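Two complexes are shown next, each including chain A; its partner changes from chain B in the first to chain C in the second.
Moving on to the complex of A and B:
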């Protein structure tokens, strides 16, 4: 059993941590409370505040590093103030300040790191750098109560199938090129649909109205998958559709009806999600697990949850998913994972707080678990 | 708050050919929305003047830290303008040098080779060298 309280402040029965996230276009700040002792069903982490602000680019555009970083810089103080107000916590009662150290986009990461360093010096609090993916996994486990699931981490920048083994979250399979969320977001750009609340959400709504399944390339490579070719293909179909071409691929084989934008969204989702289901099922068979935990922004997608649920049901298992508060990037997951690390002695000196765009999930030594 | 306690930032740029100090004046008007820290030119261009900036910084407070924020914005503007000019100058110098070399090469090549297309020459070299 890991001693989670070796670094507790004498006489204080709980820990408080503030977490800051800004690895992509969301800026999030959260405050979490852990009571002494290991976390379990009877000792849950308490979410005291979880606030977020999203930078949305205009329709047809992606979020660029410079403007995203500017959004984070200009909003971070307001968000920290709001999180402290919501939580009712005094700065002097905090134990540590957690921030996303990577992976992510350089300029947005950097903005948040600078804010975290500044606050750490102003408030004289230790800093804890957190791997973004570990944040998602630990928060997912805490919220859903899944103890040792296969984790499907799907977002705008990441696509990984992960399983825990001997104090590492090990990557079983992953994308070989672009992330699934990136594939969906870029298709949304081709369609010129709004980025608000998120491009993936808008695709999901259109997909619900799709009736015809258009055949797209299916590119699972062992435990990995590739999505850039699929995007190129479906982008081509959309361009042909908009330019009024009469290609035979734009008519349904059975009823001869013309394919619509909704059909393309539906087909893209079905195709990509089937690929994810395949590699996740194989990972479950490998590690002999019947739990799947879906985390990351794309994890909000109800169709993905449904498809994964059918597969898990066939294996007498179950899926665990969270809602948008925890699926989509947020500050509370950084506070939670950072606090777990802090409780077993992790912390970053100021000179070790440089952020890293590449920071793989399996680089982190998971000292707070020993199962 | 006494003047000695005021947090006043400065910056120093050092290059082999140049040293420059950047200072801010504590009496100048302060802003938290600098001339170089607005939305990117790209964003303004693609939205064709319709961009609604929802991400402006808040006005600074008149506290020690609030004033520092204003000074840093002004310092950042100075550094940004200086470095952008310097980068443009070095880019221009590089272009001029490339242009000169290309003229020189064309003049030399004309005597030896009837083929006056530079790209073709490059291809020939590659084929010959492989």
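Moving on to the complex of A and C:
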């Protein structure tokens, strides 16, 4: 059993941490409270504040690092103030400041880490750098109560199948090129659909109306997958559709109806999600687990959750998923994972708070677990 | 759920006795004594174990769209069968293809292997484990000449595959079996993840996956085994002449790169 209270302040029965997340187009700030003792069903983490501001690019465009970083710089002070106000916590009562150290886009990460360093010196609080993926995993475990699940982490920048083994979250399978969220976002751009609330959500809504399954490449390579070719192919179909081409492949082979944008969204989702579920199942068979936890922005997708649920059900297992408050990037998960690390003695000196765009999940030594 | 799948399959082929011997994420492996179209008790003359057949079944995956599911099952089943047949034509030891029903995801093939003295199946893993248990400092039977010859043979088989532009895709010590108790002739099985590839990268990853598997399942003698396997792999390329030598040096230099690569290094499995 890991001693989670070796670094507790004498006489204080709880910990408070403020977390700041800004690895992509969402800026999030959260405040979390842990009571002394290991976390379990009777000792849950308390969420005191969880605020977020999203930068949305205009339709047909992606978010550029420069503009996203500017958004974060403009909003970070207001969000921190709001989080503190929501939580009713005094700065002097905080134990540590947690920030996303990576992976993510350089400029947005940088703008948040600058704010974190400043606050740390102003308030004289230790800094804890958090791996973004670990943040998702730990928050997902805390919210759902899943003990040792296979984790499917699917977001705009990451696609990984992860399982815990000997104090590391190990990557069993991942994308060889672009991330699933990136694939969906870029297809949304091709279709010129709005980026608000998120491109993936809008694709999901369109996909619900699709009824013809268009044949797309299916590229699973063992436990890894590749998605850039699929995007290229479906983009091509969409262009042909918009330019009014009459090619055979733009008509359904069974009822002869013309393929619609909705059909393309539907087919893309079915294809990509089948690939995800397949590699997750392979990882589950490999590590002999029957729990699966979906985290990351794409994890909100109800069709993905449904497919994963069927697969897990067939293996007599269960699926754990969270809602948009915790699936989509947020500050609270950084606060939570950071606080877990802080409680076992982790912390970053000012000079090692440099953020890393390619910070890998399996680099983190998970000292707070010993199962 | 597994029982349901087995029952469904049994309904489809009611006269064939089925015994489930293993289950992976994608397929179920059954053993049967019934040849698909010969009368009971009659067997082809060129199989290792008359009266023993393997049925590999890819059941439908209910989470997938039915159209997508049919397509994936059919293409994977037929490509695996084609590959088995190709290996037979090339004279590489592998289970012989007997029958295929691609739309239903069924492959019927020859059973390879025998029972080890400890009653286990003669996969390389079980055999090495058996020898490793019997080994001690004075009598390292796990390092005897017959193990060396066997490892050479494995290296040769992989080499022949690679020379013909085929990669296995899932080389582990449980996917290599000994087919004959006297000669210890090895054979590769489970070509479910195999593909055609001319890239040194794919061949290197193939080797790397096997090296990792050896190290994790046979940590004590892995280095020796691996050295012998590579010897066999080298020899078969050498015998192929100039083309083989070129291919070998490409693969090995890429293999060293793959080994150094951080991404795969920290991964298990």
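We adopt the following convention: the second predicted complex is superposed on the first by the 371 of 371 C-alpha atoms of A that agree within 3 Å, B and C clash if a C-alpha of one lies under 4 Å from a C-alpha of the other, contacts with A are read in each partner's own complex, and residues count from 1 in each chain.
The criterion applied here is as follows: a contact is a pair of C-beta atoms (placed from the backbone, for glycine too) under 8 Å apart; a residue touches a chain by one contact, two chains touch by 3 or more.
Since we're looking at a predicted model, the values are computed, not measured.
Once the two complexes are overlaid on the shared chain, A:123 sits clear of chain B and of chain C alike.
In the superposition on chain A, A:78 makes contact with chain B only, not with chain C.
Of the two partner chains placed around the shared chain by superposition, chain B is the only one that A:64 touches, whereas chain C remains out of contact. Once the two complexes are overlaid on the shared chain, A:284 sits against chain C while remaining clear of chain B. Looking at the shared chain after the overlay, A:14 reaches neither chain B nor chain C.
Set against each other, chain B and chain C touch different numbers of residues in chain A, with C touching more. Contacts of A:314 after superposition on the shared chain: chain C is touched, whereas chain B is not. Note for the complex: chain B touches chain A at residues 37, 39-40, 42-43, 46-47, 51, 55-58. The part of chain A that touches chain C in the complex is made up of residues 165, 168, 170-172, 213, 215, 218, 222, 270-271, 274, 277-278, 281-282, 284-287, 307-308, 310-311, 313-316, 360, 362-363. Across the interface of their complex, chain A is touched by residues 1, 24-26, 61-65, 67-68, 71-72, 169-170, 193, 262, 266-269 of chain C. Only residues 55, 57-58, 60-61, 64, 66-67, 70-71, 73-75, 77-78 of chain A touch chain B when the two sit together in their complex.
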